[in-house]
Amino acid sequence: MMLRWWLSTSALLSSLTIVLVLGFLLQSSWPLIQQQGIAFIIGTEWYPFESLFGMLPALIGTIWAVALALLIALPCGVAAAILCSELLPKSLRGSVRFGMELMAGVPSVVYGLLGMWLLLPLLESQLNLLTGRTLLAAGLLLALMILPTIMVLSEDAIRAVRQSQREAAKNLGIGWDATLWRVLLPQAWPGIRVATLLATGRAMGETVAVMLVVGSIDRIPEPFYNFLQPAQTLTSRIGREMAEASVGSLHWAALLFCGLMLAVVAMGIALLSDRRRTVI
Amino acid sequence: MFQRWFANALSGLLLVGLLVVSLPAASVTIKVAGSTTVLPILTEAAKQYRVIHPELNLTVSGGGSGMGVANIERGTIDIGMASRPLSEGEAGRIGDTTDVIPVARDAVAIAVSKAVYESGVTQLSLSQIAAIYRGEIRNWRELGGLDARILVIDKEASRGTRHVFADVVLGNPRARAAGATIVTGSNNEEQSVISRSDQAIGMLSNAWLNDRVRAIAVGEGDAAVLPTAENVAEGRYIINRDLNILVRKHSRDEVKGFVDFLRSAQGQAIVQTVGFHSVR
Amino acid sequence: MTADCKYEGFPAVESASPIESVESDGKQLSALLTVDKLSLVLGGKEILQRVDFSLAKAGVTSVIGPSGAGKSSLLRCLNGLETCWSGTVAVDGKDIRQWRGGWDQLRRYVGLIAQKPVVFNASIRANVCFGIHGWRQRRRADELVEQSLRQAALWDEVKDRLDASATTLSMGQQQRLCIARAIAIKPKVLLLDEPTASLDPRSKQLIEQSMLQLAKDIPLLCVTHDLEQAQRLKGRTVFMCDGRVIEQADCDQLFKQPQCIETREFLRWSVCDCD
Amino acid sequence: MSLLPTQHRDALSKGMVLLFALPALLIPTTVLCYIFWQAMPVLSLSFVFGSADGAGFGVTEGVFPQLVGSLLLAVMACLIAIPFALATALYHRTYATPHQQRLLNTLFTMLQGIPPIVFGLCGLVVLVNLFAWGVSLLSGAVVLAVVVLPLLVLNTLATLERIPLTYSEAGSALGLGKGAIIWRLWLPRCWPQLLTGLLLAMARALSETAPIMFTATVFSGVVWPDSIFSPVTTLQTHIFYLAQEGSDPLVISIAWGSAAVLVLLVASFGLLARLLQKLGAH
């Protein structure tokens, strides 16, 4: 039974990767938790050389950036999906959809370049900010990145609603918008929910593009809701300080703890998006 | 040119097709990593050194002085670059196994945007610069310049240039910069921010100044000193430092050969051409 | 989207021939829906050829004929699901293409019930009052829901689980729910496309009863393959074949003495007790 | 809203949808055109295949070393990931108990969610330092393989699940063992979809920057890696470093040029995957 042996060991090994990754993250960020307890998560000052590891600025920055991205990308993406599946004639639908799938594949570092050379000058000139590197820039860039994903998945969900449902609604003469709000969207909602969760996961995990445009200053914006200020996100901090933190030091444990938080939240979101096939 | 291009294209496709797992180690490789300030010297020297020793191959990457020190400590590179002296912790850890060899002298210029320079801010005292970086002075008007908020650019804490700047201006090498607006990484990132904004102040190595990024004189009243070649050579300009390369004590002789080349007359000539001051 | 040649969203105003003096012909006046020289070409095939008939103010009109005679397409033309047909269809004396409110307003006037019951995955109550505009009116439409369900002979079976999901109902119950949903918006005409096909006899009987009861005040046009059902529903019967109306007469008169050869051929072929 | 006759309300709501959908449709296309417009002055065949001469600072005209580095990393990552992904999916379809199946689904859905930078972190510590592979092609390929693994597993699983049960039962009715069913029934039927999954994985591996930034790449100085233990330069990191350049317009247009090359490369794999999907569907 060589085959069975090969299949089961490979399955075991590949499913072990996640356990190893999480175990490693927990094990190497354990010294920090031992020394400083959990208080540093809500600490507001991140100065590694004074072993102050406040996570709050980066947490608020990450939440803000992802929220802004969803706020912009969700309505536009779903509207584009409705337009593409309901209003466009068949020929145009294929090409628009293909364009979107192409855009979904564009690497994120290209968005970083775009952010630096298209978005920042635009923001600086239009809103005459002190500097273009703000949470808004990061939010806009992430929105641009997750827009194609949301649009493609939502369009699949809306087109999956059977034509008989649309005709039944038509027979009642309730008009196009009522059909949309009370028949199409309720039935497509599970698909759109999955699209949103996947998009959130990707936006949260994006490093390179955000690193260039968010300003990476570890400080909570003045009134915390002010997104026109430079801020820091978890991934941007890891990206900037990962290379030169000396392995095994407290600073290194703090960075790995950031990674652990990101991984745990992202896994939670991924599980939510695929509820029916997973254990939970 | 065509043969060269055609040969490359052919071998490119061949290799991807063959998917050779391990290629014969044709030539000896010296790995160099570390401060982006020292990078131009090493790359120019590498190019000229290959003329003498064609079989030698040098891989160069940036990442900052911290990365140079960390990688030498981890043993993943042959030559580390640091634009600052080793801190006590580092000296303790790797002091006895690695030599710190200065190859050039450089001044950390206090760089301001062109508009700020032309609006009258041509010299600042150490205390004024410290006040800006601590957030006590927020507008150029208080320093006799144009009426605009100051875009204070800080560098990643591990960068050599920041280490020297903080040591001289703020008192200790790891000081906080509460007034900082954004944090940048490499010298060219900081250079691009200063040149694009018209109200920015930052810390740049002398070789990175250009017409849009102007250095200001540092000092009280008429004792202010511009970071010109003579001032740095005679040490009158106070914010200066050695650009060091870190080499393990008993490293391979190709590495020793390259280090000697750097300190040779030809090496020091390269230092001059790149814009720094020779160590002799 | 149905394969329509004109953009269905906005009603296509076509230079249809004006209805000739409807008032002059008495019987015509009382007709609620008149179809005049309706012909439909879909994908190169002539589905309907110069169909003429009219629905009286009340009573059931059943349409029989071999499959592929264009019966279902006729219904779809009447309520605007098919739009590239020529000829004129008038409801209340007004050509349906000139309706100010567009196809949606027409469909609130002319209800259509499809052959396979289609329910929205919502509660039974929400399904019945789905056609009512405005969520406040829907919330206060309890007695309308009860009245529609009673008319569709479904009230006794669902009165205690109105908030259960509609997908839990059986096929027969779902079809009656569709009927209740259609009559809840009080249409002036009701079109039914083989309402009782593939249903159990009991549901079939309940649906026919509710159709007869409805036919007392609004005209019903019912396409069916079940000749006994056509006879039980009484009213007029229209025999169609290959897209043309061969003969239309009162139900007993058509079944007892069919005039045209095709009708007689069709009735003898389907083993019916005609002389 | 309900006061208007339905006709006007429809027109209004369709207008609103159009209003919101327009940015979603126009911005991506303008972005693509902007990239290629900026890359135009530099983009040429010699740019793609011309190589920077040896250990130059790398900011010369050619991006061939970067192209080689990216392709090598992606190909090696897929080579490492394929056997594990295929084996896991086949185990899931053949020997796994229902509980194990749900467990595998959970694990790989979670693995797919984890941000790639986290794998970069672990790769740097474990592979580069602990295993002392150093910053090299191998550690980068292994990290990328882990990033790409869940995508391959879930894609292969979806393909195998689409094979009707009766198809496999017919095979086992003839007394075929599990191995025979796999090699002679399943794989011949769904190899196009598996290949599509592989191409998508290649496209994904080519567009990851964070994991390989510190585990596999150097800024310049290498055209062909000497061995799997020597570092490479990649298009992604090349774009990242050059994006921060401030003064020299040539460097910036080289950055745009390599961005255009990378987008074309990833798009070609995506295109190939779609073509194969259509081919496989018939």
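Note that the chains take the letters A, B, C and D in the order they are written out, and that residue 1 is the start of every chain.
The rule is simple: contacts are C-beta pairs under 8 Å (C-beta built on N, C-alpha and C of every residue); 3 or more make two chains touch, one makes a residue touch a chain.
What you are looking at is a predicted structure, and each value in this text was computed from that prediction instead of being measured.
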Self-check item: Chain centroid nearest the full-protein CA centroid
Solution: A
Practice problem: Could you tell me which two chains share the largest number of C-beta contact pairs? | Solution: A-D
Quiz item: What whole-number Å value describes the gap between the mean CA coordinates of chain B and chain C?
Solution: 83
Quiz item: Centre to centre, by mean C-alpha position, how many angstrom separate chain A and chain C?
Solution: 51
Quiz item: Centre to centre, by mean C-alpha position, how many angstrom separate chain A and chain D?
Solution: 17
Exercise. Go ahead and note the Å separation of the Cα centroids belonging to chain C and chain D.
Key: 55
Quiz item: In chain C, what residues contact two or more other chains?
Solution: 9, 104-105, 133
Quiz prompt | Junction residues of chain A, two or more chains touched | solution = 173-176, 243, 247
Quiz prompt | Numbers and ranges of chain B residues touching at least 2 other chains | solution = 74, 185, 193, 196
Quiz item: Okay, what are all the chain pairs that touch?
Solution: A-B, A-C, A-D, B-D, C-D
Quiz item: Which residues of chain C touch chain A in the complex?
Solution: 2, 9, 79, 81, 103-109, 111-114, 116, 118-122, 130-131, 133, 178, 181-182, 185
Quiz item: Once bound in the complex, which stretches of chain C touch chain D?
Solution: 9-11, 100-102, 104-105, 133-134
Quiz prompt | Residue ranges of chain A touching chain D (in the complex, touch as defined) | solution = 3-4, 6-8, 10-11, 13-15, 17-18, 21, 24-25, 28, 75-77, 79-80, 82-84, 87, 96, 98-103, 105-110, 112-114, 116-118, 144, 147-148, 151, 173-177, 180, 201, 204-208, 212, 235, 238-239, 242-243, 247, 252, 255-256, 259-260, 262-263, 266-267, 269-271, 273-274, 277-280
Quiz item: In the complex of these two chains, what residues of chain D are touching chain C?
Solution: 2, 5-7, 10-11, 14
Quiz item: Can you list the chain D residues touching chain A in their complex?
Solution: 6, 9-10, 12-14, 16-21, 23-25, 27-29, 31-32, 34-35, 38, 83-85, 87-88, 90-92, 94-96, 102-122, 124-126, 129, 146, 149, 153, 178-179, 182, 203, 206-210, 213-214, 236-237, 239-240, 243-244, 252, 255-256, 259, 262-263, 266-267, 269-271, 274
